[in-house]
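Both complexes below contain chain A, partnered by chain B and then by chain C.
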Partner chain A sequence: MFFRRIATAMLRRARRCVLSLLPALVLVGVCCSSVQHAAGAEMPDEQSMRSAMLFNFLKFSEFPRSGIDKTRVIQVCIDVRDNRQAEALAALSGRKVAGRELRVVDFALGNGDCQVLYVDSRQRWNALATHPALRGALTLSAYAGFAEEGGMIEIGRQDDGIRFDINLVQARRAGFHFSPQLLRLARNVYE
Partner chain B sequence: MYMNKRTFLGAFFDRRSIRYPLARLIIAAVLIGIGLGLLSNAVLRLDSLRTDIQRNLSSAANAAGTAASAAVMFKDRKVAHGVLRMFEAYPEVEAAALFTDAGVRLAVYGDAKQLPANLPKSASPPSQIALLADTATLQMPIEVDAAEVGSIYLQARLDAYWQSYFTSIASTFLVALIAGGVALVLAMRFLNRIIRPVRMLEEAANDARLHQDFTPRDIPIADNEIGDLVRNFNALLSEVEASRTWLQLQHEELERLVVERTAELLAAKDSADAANAAKSRFLAAASHDLRQPIHAMRLFLETLVSSPLNDEQRRIANYLTLSTRSLADILNALLDVSRLDGGQVRAHPEIVGADVLLRQIEAEFAPLALAKGLRFKFFFPANELRLFTDAKLLYSLLRNIIDNAIKYTDTGGVLVGFRRRGGQALIQVWDTGIGIAPNLLESVFDEYVQIGNPQRDRAQGLGLGLSIVKRLSVILDCRIRCHSRPNTGSRFEISVPLAVATALPVMSAAPPTGIDATHPGLPEDDASGLVGLQVVVIEDDEMAAEAIEILLSANGIKVTRFGSAEHALADPHITQADFYFVDFRLPGINGMQFLDSLQKRVQRPIKATLLTGETQLENINSAPSSNWKVLLKPVESATLMAEIKARMM
Partner chain C sequence: MNRHAVLTLAVAQLLVACLALNAPAHAETELDRLLALSMEDLLTLKVRISTNTEQTLSKAPSVVSVITAEDIRATGATNLTEILQSVPGIYVRANLFAFRPQVTFRGAAGTHTLLMVNGEPMRDLVWSSGIFWKGLPASIIERVEIIRGPGTALFGSDASAGVINVITRTAGRIEQSEAGLRAGSFDTQVGWVRHGGSWNGFDVGFSAGLSHTDGHNPFISTDALAASGKAGYGWQGQDIRFSMAKQNWRLLADYMGHRNLETGMSGAGVLDPVTQARDHRFDVALLFNDESFGRNWGLNAELRYSYLDYSSGNGFQERPPGFADITGTYPDGQLNRMQSSERGLRAEVSGLYTGFQKHAIRLGSGYGFKDLFQVEQQVNFGIGPNGSPLPAGGPLVDLSNTPYAFAPEKIRQLSYLYLQDIWNLAPDWELTAGARYDHYSDFGSTLNPRLALVWQGSERFTTKLMYGEAFRAPSYLELYAKTAATNPNPDLTPERSNTWDLSFHYAAAKDFNLGLALYRFEQSNLIAANASTQFQFQNVGNRSSHGVELEAQWQASRTLRLAGNLAHIEESDSTFPKSVPREKAYLRADWAFSPGWNWNLQANMIGKRAGLSAYNRVDTTLHYSADKDWDFSASIRNLFDADAREFSAPLLESLPLPGRSFYLEAKHAF
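Up next is the complex of A and B:
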């Protein structure tokens, strides 16, 4: 009985405390949400834009059937040193393209089963270009000259906007097809 | 040929024609059909047009959205502009815009002022296109892989659609109108095919009625109800024609029979007329030939009775006188019946005082009743009773009744009464005679029916008295009734019209009647005043002339006799006679012509009397000079002497 009275008294105090602090708590919540909202309304950074473009490319791309029939997951392998880029790409995990879930993994952890590969430098592309695990994978990169060096989609910048080039020869060789809309947007298409 | 009388259009505007309501019905049906068709077509086409607009715009937007999906997704304004330029192929699209998933306008086509600057992310439902709306807008999401990546907004002008819509409606209306017109014309033609035989039937019926032409008509028919009607009509015409022909034959046969019967009747009438004429001639001849000897016989008897006779001779002479009188009466009655049946007697009504008739009756029958020991009385009203009748015929009728009353009454008496009964005078003759059995009351007026004379005693007549009464009552148009009880007596009643006009002269005395020429009741006055008188008797019948000469000579009159008028006229002293008795029927000129010639010779009025046995008095009365006094044979001597005395003294 004694402990019960003590507990009840404590609850009453706590309630009074909460009620007295409620306006302050509401004010803090509103401020936090405003800060968060203001942060969301900022222009996306380049990494996020690249990540969004990769996602969009996947939307307008037709994968070779042999490459994805084994699984209902599209595994996006990344080999980047930029953590922010890695985080932006990793944010695509779980999203779906044509009913298939994206799974973003580090190339080193990909077990050689990649349907998409994103590299951030010529050095890493040169190292992986001939990797057997990438045979039949859609390759993307943002360094200049990627499409000319055997990559399929090269994401670049031009006039304050992001542009891309497509190496259609490599893509067809790997069994990929791009929608005409996408090809129309490409700055350069290598055929 | 029938339709030529009525124009085609005129028949449809003729309100009496059956075409009028049918044409109105057809036109109304066509117009309603066209109206309903147009309305439903307009509604359906409007709905279809809205769907088409929606589909076209959706299709265009979809195509543009699909084409621009990547551009929207990658926010490539240049490419987006390029994609929107595809609307150049859609002239109705006046403005279009692509919006990003954030609602930011990415590219514009056409007039940017008509487009929103941004769009809400959620697509608005397609707006309903109102009738005659100028523009229609459409907002469609752009999706890629089932995810909305942006929106496309279209604004299109609908002028072309509405123009197409109304052109379509107008063309449909025109086609429907043409189709309706064609249907109307066809319906009218079909209607005309129905009406034309009906019209022809109507005109044929009218023609048949007016011109009596019942020959079947050549009306084109089809194997339908109208054809049945025409066939039945023609059959009816044939039957009517057959009936008319039959009736015509019957009529002609009837007319032939009528002509035959008429000819037969005319022949029979001619025959009857000839027979009647022959009978009349015979009766006239017989009358003259019978009256002459009776006339002479009575004159001889009168003279004989006047001469000195012993008792036995006088008794025989008296019997002879009675027999001769009966003979004369019977002859007169027979001739009277003959004349009455021959229609030669006609009534000439005039105003007659009842007292005149009563005096005559009293003068004639009072002596007879007295001779039989009967009372003979009169009853008449205090006021003067004036009758409107033919006095001579009525007196003859009453004479026959009263004569019968006295004849069949042995005890008691006879009463003659005149009563006023309404507008009629009721003349009653009562007697206390043998009466008439009820079963004989109807037959007493027939010829030769006598009550109480089974022995056919000719002294009591032939039974013609009441038959003469009956004939006279018909001529006088008066009603006669008989009431009688056997062994008690009889009452005869005659209704005679009363005179209503008092201005007409009242006949003072009944003139001598042609029906009755026997005046036995005149008293024989003294003839001494006639002695020395010179009388000329012209008579072709030697015996009759001799009888008159003996009678007149016995009374002291000088008589000069001639057998013919020519002999008399040849005598130079013929004009010097005081009186002339002239027979009417003479060889050569007749007695009346003689008297007319004689009158021309002398200045003074000639005193003369015609004697005749003619029954056809009109032969005398119709002559120009019918003012000569006439006595019908046989004439009693007393009458003859009274005539001379009345004229000379």
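Up next is the complex of A and C:
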């Protein structure tokens, strides 16, 4: 009896709430009918796209012997301010590339052993470029000019799509080798 | 079929239509789909570009805390002010007038907190933090960024003790449509809907929420006139937000309003059962952000318009019917009907120059004005429109457009310039130096510097030493507005403060973080109106305090997360009563005991305040995600029904806070 009374009261409140929401729901109904859904299957967001690109770069990269051979883990350090980008990169954690598990960590919280670094701005790249923890790390960013400023792979936008540039000089200096297939797909290769 | 049934059916049809339209979207995550594609295929895809134009607090080297949407969901918080209780050094004080939540940092008054929504300050000209401010609904919040310490060198007035920037869910960040309902104690009902999509190449976002509560209506046994009764704190709220974004541009249009808002008591501590107030606020912002505007330049620009109005309705009832003083008897009581409007425009441009090696230089400038207009007032006591005293017991007379109305229709203009350099002195060292110059048309200029030295001793250990100065501009209430409780003073100067901070962050292990902040906070020129100043506002106060804030987060296992903090304040010199606790502690546990389930338990321990006992308040929330689409939670606030009370100066008795209360919530994403 007691619970039925509570349930009846809750239902009454819920109904009053829905009724008071009617104007807003009508507006949303109008939106629903005239607006395409954002997460359309054919149009991924740029953050997820960059994560997928990073994953593919690792598949087509040969790491220096001193880099990850000692361990079965590839530590991807990130220093980004865009939460959605951070989440999209973190979603790579636990996935495997050539049998090695990816571990995505915030650069500030990592143990200093980065095999890959992703930064999102020139300012943060300038701050980290000479950091000792990044010797021998594959470096990536999406800001314009990264590959010309000492970074290895720059993920850029072109028209409505994604392109990438490779600074082969920096990559070879750190001991990385990229598959010819990857170099063929790059927009620019600096050598 | 009755009217309600017809309306319910209409809503159901709309929801079904939306569900049908959006159903196929989430069969797998977007990333999974992309990872299944070859590199060649990825390069053929068109990409939805989201913009990123909000100002983040992280550009300021400070003691920063961030509260995420996940934290909000886990703790069952329904309002911004509940969320903020978890931050070390923050104490949310309820005011007896309308039970307004005043967010205070480090023992300072709420007026020394700068609270922004998407970079727009929520203050108003007359009452500083908003006469009918009720916080923000949690459902609109994506994250909350908090600076403990001064932020004036970047953000201007009010950022003396702390800065809060609420980032709402806007275009490009609303992944799916959602509708939610909440109901609970005090006849509380809340409902909201949210939708994100794209239209003609623009990201668009929309959210709308309605709320109603009767309030907890505490019994006041002795008010300022020795009367007793219940203080009514009910209100209804509306919150509607629209946003559009494309590449570097973002347009935000927000509306917030309250109606049938019971103030419960007058500002002077007299029970007021009459007032049913209302307010409306519109904010429109056009934002531009391009981090790669030029080869070495990033550019931010913003243009903001705001409008707000507020009205006391048929109140305020400053004194009850039958009240008598030396002028005679007031059969209808002393009534004070007030309303006014404000509008403002602000433009700001800032650039980030990174052309000098190891330097990031931000230079910004802005101009804005705020205009107080449509000031209307009717009273049946005090001074009449011709300057002579009104007889007791007479009718309401109109003071609008006379010098005796509560505030003058007046424009305040503000221009400002700021410069900040972040210099990477050495690989592990970063020095930030900056200053901001503000010029106000009504009380002059002020310059406030900021210095911060950050040492990243190792990947795990960060030390920050910071110094900052700040100010608070006097409000129109203090400068020009005569109320039943206070007299204005047009010769006031800004309140001043300076703060030293030393903070340490140590990532002791992968899953264990520790933070420690020590500070010294000096305030001077504080504005107050009390018996010693004949209730006229004057720059009479000083306050000196130092304190320590300790925090820890530990992911104890895959399913158990523990967090807590402790804040201690020592006031060595203060003109004012110690109305905030010397000690405050917060503990939180989250246990994901089964897939989809999370049990949250949090405890807020508030220490003694002037004349008030300490109390512990425990809240608990059980949360269940049935699948990706359905979400349920049940919360109990103040689980042990602790007798929690708030300091309230004019009252002989303290203000009781809500007892045990229950809430249920359901959300559906589609």
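The rule is simple: the second predicted complex is superposed on the first by the 150 of 191 C-alpha atoms of A that agree within 3 Å, B and C clash if a C-alpha of one lies under 4 Å from a C-alpha of the other, contacts with A are read in each partner's own complex, and residues count from 1 in each chain.
The working rule: a residue touches a chain if its C-beta (ideal position, glycine included) is under 8 Å from a C-beta of that chain, and two chains touch if they have at least 3 such contacts.
For clarity, every value in this text was computed on a predicted model and none was experimentally measured.
In the superposition on chain A, A:M53 makes contact with both chain B and chain C.
In the superposition on chain A, contact of A:A108 is made with chain C only, not with chain B.
Touch criterion not met for A:G94: it reaches neither chain B nor chain C. Contact comparison for chain A: of chain B and chain C, C touches the greater number of residues. Within the superposed three-chain model, A:L185 lies in touch with chain B and with chain C [touch as defined at top]. Residues 53, 56, 60, 161-162, 181-182, 185 of chain A are contacted both by chain B in one complex and by chain C in the other.
Here chain A touches chain C in the complex through residues 10, 13-29, 31-49, 51-53, 55-56, 60, 81-84, 88, 91-92, 95, 105, 107-112, 121-123, 126-127, 130-133, 143-145, 157, 160-163, 181-182, 185, going by the rule given at the top.
Those residues of chain B whose C-beta lies close enough to touch chain A in the complex are 66-71, 73-74, 76, 79, 82, 144-145. Interface of chain A with chain B (complex): residues 53, 56, 59-60, 96-98, 161-162, 179, 181-182, 184-185. Across the complex, chain A is touched by residues 4, 7-8, 10-11, 14-15, 17-18, 21-22, 24-26, 29-31, 33-35, 37-40, 42-50, 52, 56, 58, 68, 142-143, 172-177, 179, 181, 183, 187, 189-193, 195-199, 203-204, 206, 208-210, 212, 240, 291-292, 295-296, 298, 352, 354, 357-358, 360, 422, 424, 427, 430, 456, 458-460, 462, 507, 510, 513, 664 of chain C.
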